[in-house]
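First chain written, first letter: the chains are A, B and C, and each begins at residue 1.
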Amino acid sequence: MGMKRWLACLLGLLLLGGCAKSRPIDQIQIIQQMGYDFKDDQYIGTAVYPTFKQGPMTKPNMLTTSSPTVYDLIPRLSAKSALPIEEGQLRLILFGKQFAERGIEQITHSLARNNKVGSHLFLGVAEGSAKELLDITAKTTLSDTLYLPNLIKQNEQSMNLPKTNLHLFLYRYFSPGSDPFLPYFEKKGGFVKLEGVALFRDGRYVGHVDLRDSFLMKILLGETKNGVYQLKVGERGKQGEDRVMLQNLWAKPTYKWRRDGDRHVLDVFVHIHASVRDYPSWLDEPGANLFTDVKKKMEKELEQDMRRLFHYFQEKRIDPMGIGDFVRSVTRRWDRESFYREYPDLDIRPHVTVDIIHTGIGE
Amino acid sequence: MKQTLDERFLISPFLVFFIVHATQVGVGMLGFQRPLMEDAGQDAWMAVLLAGLATHVLIWLMYRLLAYSPSGGDIVSLHKHYFGRWFGGVLSIGLLAYYALAAFTVLQSYIEIIKVWMFPLMGAWQFSLIFLMLTYYVISGGFRVVAGLCFWGVVIPLATIFPMMAFAFEYAQYRNLLPVLDHSPTQILKAVNDMAFQYLGFEVLLMYYPFLKNAPSSQKWAHASNVLTIFLYLVVILISIIFYNKEQIAHITWPTLTLAKIPEVPFIERMEYIVISIYVLVVFPNLVVAVWAMARVVKQLFSIRQRRSLPVLIACLFIGTLFFEEKSDIERFIQWTSKSGLFLIGVYIPLLYVYVWVVEKVKKSLQQKQ
Amino acid sequence: MSFLSFFKKKKHPSQLTMPQLWEKLRRSSDFVEVSFVVGRKELSVYYFDSLVDPKVLQENILCHLQNDLSRRPDVQLEDLQQIVPIQRIEVSEDPAAIEEKVLKGFVVVSFREQPGKAALISAANENLGLRENNDTENEFSVVGPKVGFVENIGTNLHLLRRQIVTPNLVFREMMIGSVSKTKVVIAYIDGVANPETIRTMTQRIEAIDFDVVFDNAIIDQIIADNSKTPFPLFLSTERIDRAVYALVSGQVAVFCDGSPYAIIGPSTFFDFFTSPEDYSLPWVLGSFFRLIRFFGVMFSILASPVYIAVLTYHYEMIPEDLLGPIIYSRSNVPFPPVLEVLFLEITIELLREAGARLPTKVAQTLGIVGGIVIGQATVDAGLASTILLIVVALAALASFTTPIFKMSNSIRFIRFPFILFAACWGGIGIAFAVCGLLIHLGRLQSLGYPYLVPFYPLRVRNFRDTFVRSPYSMTAERPTFFRPQSRFRYDPENAKQKRDIDE
């Protein structure tokens, strides 16, 4: 009797459980990229989704919708889709510049509460309209819906872009001692190009720096093992023959915070292990101190560039480097307000040491 | 009351290690960081440590108390012995209510997680039904099977979920731990208060004490188990501190699960679904042991056979889950369980121990006079 | 009612006299009565033609009876032992005992002058009808003996005694089955096996109340602690070395006449995953293959359910590179993933069952044809996706890695509840099913010993022979969970001699 009761229960359960809400993978529409724009008092949402009809290669398609609020955009896409829209596989969210200038606070909080998106989601800012950029990527790459996310990933791993994803973005956004930043894209000809890093203050876009400066940002943020940088080392030679290409093998910043009189001074010690493979031929001339000479020139140039960058940040009153966070970790009872009042006048002194590890296999 | 059980039903004292740990760690592990970091910020790990040490003292106290119970019995027989049948019965019923509350809270909070993270549109009753049916199946196998479930509930999650934490180190910001001791003792104590609830669970020992072979020797295993719990909570809070910052975590309800979004392996993404699924094994022992304790109290007090009382208790729990589904209700239940648990362990047990000790002393001196 | 009366009649001693007995037996045409006069004695010889070895009858019994009786006219039945060169001649007056022995192939000799008494001479033809070779077909090992048990219990006991040469090897014989009267032998090593175990086993077998005991498997099921479980509670093996190893570890073996399998109890869950091949290879290889086996079993149980759960509920878990192939291969299939999986699983089960029933030559071809052609056609017709086909085929393969056939059946069966749970509740369903399985295994007991030992109850010292096969220097101690009386197999000190470098 006990056995029969069990079986009846189980059968009943299974039959009823079959009414569960399932989302079989071929009966949903997964979107992989999403663009947010603001134009004429309307929010415009663009979704890029793959279709798999011609085999495993994916063909990107686009869907656009508009709405007076941000939250409504993804649900509104359903009105134009035969299958239910699922955002679990979102890889990239692109903000149009106008949208970013208005403020991304709403969308950020929504993402922080969304359990369906992963923490490795990329975000970015587009110059102009996100829809336009997504459109270009959909057309120029016939079978790749993940062109932009892969671009970001590749640049983060081996070039000058500092690491960003949803988790890091939220971390910097919510942190009192840091401001967030995102990759910045521009339209160049018929292609989308990664132009640099977009900077935010209070959730609003305030400007961007180019790829060369983003290398400096990258090494100042933490230990890195990649990136290239061009440096001017001399006055000799023709146009373009006074620069060397520095390839970073390993760079580590160390921050020190101290008082100098009545001001606070932040010393930034950066140690770079570099490989210099591309340099003009006049550097090959045998000269005793040429090596150290070049090294000193590189270090000075780097320090200058860094100082310039920090000034830029101080002027704009933004802190993407997380200096506030660092100071918090070495101060008791750190107060955000008083620190950021002092921030624009802070004396930030970079000290760079470059070790040239090798210069290639040829001479 | 006959307390000596047939040797076939007893378990080796070493298994207390698994039972205590399994009943301590539950749904709390997924979200305990939030109130802690709100109060104590980067010093939250100290609160974890302090609360754990306090628990050691309480476990020791519990063993000393149980040593007084007649013929190695559980706390119900202790109540009966020292307070008489009626008042002792009332106290035991209070205990019953506490166990019921604990079981209910565990069930509801875990189902809430399933509903929020995985199946928002599915009726919660399905999960509670399956849970409770499996509970019946486990308990009807005897305490040995219950202990076996606790064993698996410790070994499997430790082997599968715990290594996933290693992926968080990629995003570690160690300077989040500095400056150390930047908070006032009041703040840290408040965090300890929040944390203490997470260490609860070992009080079920009050009921399964007679099921242990050579029970007093199991005390060292209970302490070892608490050490493991402290270690786990410590690792999780440390990783949370270096992974999140204080403000970010205020916006995240279940930081541990959001942390599980990070691991990326070539063939699987989004580990949090795996973590939530395996978490069934972590939560299940809590539920099962609490329900077992309930059935056992009923048996000791009213002499109703466990086979009869168990379906009734389980049906009551199930009906309860149908009625209290809203998030605010669940929060309220968690508060009640936390408060009553802390009261039971922090206030009642010490008082009881003092009382019993005094009574024994008086008895002894009276006997000596004679 | 008539069934019970049949039993009742059996309990009372037969009231038949000898002539009535012969009358009863005469109904069958293979019952032979030979009466003749030798010297001045009249004697009758009775036997069953179908049971008796004619050579023994002619040369050893009739020959000597005919020759020697004429020279010694006053010999009695009791002295037949001196004339007839066959061992253990019994003289009996009990018709019931005579009936039993005649049915076992004994020849009954009775003298006219001694009515009511008869001599029973063993002339049974034991080897008639048995198969010629005793290769272990189902438990094959590449490196190792291929000789196994046969259907004749005498041969089996002989093979066992050859391997265990100690007087401590004890055989206890009993007769089970009211109609088949099968000879069942319990074997154990006295001084190693726990007397409690021996007693339990003996009690359970003696309590069997069955009519025809065909095979050891029937005994297995009747004496099992829990008959509702799909998991086998006793190990059954055809191999001699496996039975010997079990006996040496303190387990008890049961042999049944007519069955080439020996069942061994108590057994643990992990016994079913050890193969004698592990012991023939170096321990590193043996452990490696054992781990592959465990992994194979886990994969076999979880592969299809995980496929269903991920594709139906958790699409977010698929990495971006796999997304394309999976969605593309699924887009042509009209069913939800559950039905797809069930369809393929049942196809494989049908293939397997059909292959087991067909004659060998046809089965091979059909297996290949079935596997490849049906699989390919299913994918092309859009009834299943390619990825699923690979998963299901691999899972089916992996389920056959268990050395004991009974366990691979259980694993094939267990997969289906997992599939149903995964289809209803996705990942949580799989977790529930795993819970349920662990609880079920935890409740099982084999002859009173917990099934999951050494995992639960945890006995770390006995891990030496479960997941990994330790080198022989470390296996000196018997597994303690059977509570053997003797702890060590051989001296552990001598096994672990360590020498310094260059010594």
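As a working rule, a residue touches a chain if its C-beta (ideal position, glycine included) is under 8 Å from a C-beta of that chain, and two chains touch if they have at least 3 such contacts.
Because the structure is predicted, anything quoted here is derived from the model rather than measured.
Enquirer: By mean C-alpha coordinates, which chain is most distant from chain B?
Expert: With centres defined by C-alpha atoms, farthest from chain B sits C.
Enquirer: Could you quickly compare B-C and A-B and let me know which has more C-beta contacts?
Expert: B-C
Enquirer: Mean of the CA atoms for each chain, then the mean for all of them together: which chain is nearest?
Expert: B
Enquirer: Please work out the Cα centroid separation of chain A and chain C, and write it as a whole number of Å.
Expert: Comparing mean C-alpha positions, chain C is 66 Å from chain A.
Enquirer: Rounded to the nearest whole Å, what is the centre-to-centre distance of chain A and chain B, using the mean of the C-alpha atoms as each centre?
Expert: 42
Enquirer: Would you mind listing the residues of chain B that make contact with two or more other chains?
Expert: 119, 126, 130, 269-270
Enquirer: If a residue has to touch 2 or more other chains to count, which residues of chain A qualify?
Expert: Only 13, 17, 20, 88, 118 qualify.
Enquirer: Identify all positions of chain C at which a residue touches two or more other chains, and write them in rising order.
Expert: Chain C, residues with two or more chain partners: 313, 316, 318, 424-425.
Enquirer: Write out the stretch or stretches of chain B touching chain C in their complex.
Expert: 11-12, 14-15, 114, 118-119, 126-127, 130, 134, 137-138, 141, 144-145, 148-149, 151-152, 266-270, 273-274, 276-281, 284
Enquirer: Name, in rising order, each residue of chain C that touches chain A in their complex.
Expert: Where chain C meets chain A, its residues are 228, 311-313, 315-316, 318, 320, 323-328, 330-331, 333, 336-337, 420, 423-425.
Enquirer: Which of the residues in chain C come into contact with chain B in the complex?
Expert: 313-314, 316-319, 322, 424-428, 430-432, 434-436, 438-440, 442-443, 450, 452, 455-458
Enquirer: Write out the stretch or stretches of chain A touching chain C in their complex.
Expert: 3, 13-14, 17-18, 20, 22-26, 28, 30, 32, 50, 52-53, 55-58, 86, 88-89, 91, 116, 118, 146
Enquirer: With touch defined as at the start, can you tell me which chain B residues reach chain A in the complex?
Expert: Residue positions touching the partner: 116-117, 119, 121-122, 126, 129-130, 133, 171, 173, 175-179, 182, 244-245, 247-248, 250-252, 258, 261-262, 264, 269-270.
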